[in-house]
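A, B, C, D and E are the chain letters, set down in written order, and residue numbers restart from 1 in every chain.
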Amino acid sequence: MDIVAAVEGSTAAIGYGLAAIGPGIGVGLVFAAYIQSTARQPESSRMTLPYVWIGFAVIEALALLGIAFGFIWQGNL
Amino acid sequence: MDIVAAVEGSTAAIGYGLAAIGPGIGVGLVFAAYIQSTARQPESSRMTLPYVWIGFAVIEALALLGIAFGFIWQGNL
Amino acid sequence: MDIVAAVEGSTAAIGYGLAAIGPGIGVGLVFAAYIQSTARQPESSRMTLPYVWIGFAVIEALALLGIAFGFIWQGNL
Amino acid sequence: MDIVAAVEGSTAAIGYGLAAIGPGIGVGLVFAAYIQSTARQPESSRMTLPYVWIGFAVIEALALLGIAFGFIWQGNL
Amino acid sequence: MDIVAAVEGSTAAIGYGLAAIGPGIGVGLVFAAYIQSTARQPESSRMTLPYVWIGFAVIEALALLGIAFGFIWQGNL
């Protein structure tokens, strides 16, 4: 046999995997803050809820960009 | 077989993936701080909101720079 | 097949990606601290604001240095 | 094809990138602590300020050493 | 093409980079704790200061060891 290394696949999978670490923690921080704040001041839950969704959206986007650019950098798009 | 390694793709995907870790956590910290602060002192929400957006912008820029320089260092730009 | 590895790109992209992790979290910590402090003691916001910008500048510089030295170590500069 | 690896660049870029992770977070912790402390006890701001700069200097040095030794280990110096 | 690998440099740079992550965060934690403690109990600042320097020294040594052993393992010393 001449196989030196049988690892196959794309670096895009590694890239997305890395890109999911930070947003995974960051979105968790946002929801954790909302849960604790609502538990202490229930009357604040309506005021802070929009920022949970905004924060979630802008952070989650970082991971989803990792999927999009994984395709782009492979030359498939 | 003569295949030594069938891994394909670009290092730019790995680079962006890494660059998304920090901002993912950092933006989460900013929004979490705003949610907790607004819940405790609702009257402060107008005073601190600009810094949520400034903080979000300068942190998210670090990840977006990773996309731009991924293309530049590949020689596509 | 004679393809040994089809991974292409530059280590500079990986280097910048790594260099963006810390500043992404660090700048988030600075802004989070300012938001929480201003919400609790609004009268302190003018006193601490300069340190937000100084902290932001010296931390963000670490990521931007990663861009500069990415070019330098590739021999493009 | 006879391409064995199309990845180019220097390990120094990866080395500096890694070396910048810790200081990015560490300097952020120091400035965040100063901002929060000054907001709570404004009269302490003069007493703790020297330690912000000392802490910043010794932590940032770790990242800057990564630049210096990146050149040294490449044989450019 | 006969390029086998265009990545150049030493693994010592990567090693030091990894070794600097922890101390960068750790020294930041020590100084942040001292700043916050001094702000709350100013009379404690003289009592806790030696431990700032001891903590700083033993943590920073971890990164500097990464430089020393980078040379040793390369066979330059």
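Keep in mind that, in the parts below, a residue touches a chain if its C-beta (ideal position, glycine included) is under 8 Å from a C-beta of that chain, and two chains touch if they have at least 3 such contacts.
Heads up on the chains, UniProt names are A, B, C, D, E = ATP synthase subunit c.
In this text the structure is predicted, and so the values were computed from the model without any measurement.
Enquirer: Quick check: superposing chain B (ATP synthase subunit c) onto chain D (ATP synthase subunit c) on C-alpha atoms, how many degrees is the rotation, to the nearest 5?
Expert: Superposing the C-alpha atoms of chain B (ATP synthase subunit c) on chain D (ATP synthase subunit c) needs a rotation of 70 degrees.
Enquirer: Using C-alpha centres only, name the chain that sits farthest from chain A (ATP synthase subunit c).
Expert: The most remote chain is E.
Enquirer: CA centre of chain A (ATP synthase subunit c) versus CA centre of chain D (ATP synthase subunit c): separation in Å?
Expert: 25
Enquirer: Just how far, in Å, is the C-alpha centre of chain C (ATP synthase subunit c) from the one of chain A (ATP synthase subunit c)?
Expert: Going by mean C-alpha positions, chain A (ATP synthase subunit c) sits 18 Å from chain C (ATP synthase subunit c).
Enquirer: From the C-alpha centre of chain D (ATP synthase subunit c) to that of chain E (ATP synthase subunit c), how far is it in Å?
Expert: One centre to the other, that is 9 Å.
Enquirer: Multi-chain contacts only, two chains or more: what residues does chain B (ATP synthase subunit c) have there?
Expert: 1-12, 14-18, 21-29, 32-34, 36, 38, 40, 45, 52, 63, 70, 74, in rising order.
Enquirer: Mind pulling up the chain C (ATP synthase subunit c) residues that touch chain B (ATP synthase subunit c) in the complex?
Expert: Going through chain C (ATP synthase subunit c), the ones touching chain B (ATP synthase subunit c) are 1-18, 20-36, 38-40, 42, 45, 52, 56, 60, 63, 67, 70, 74.
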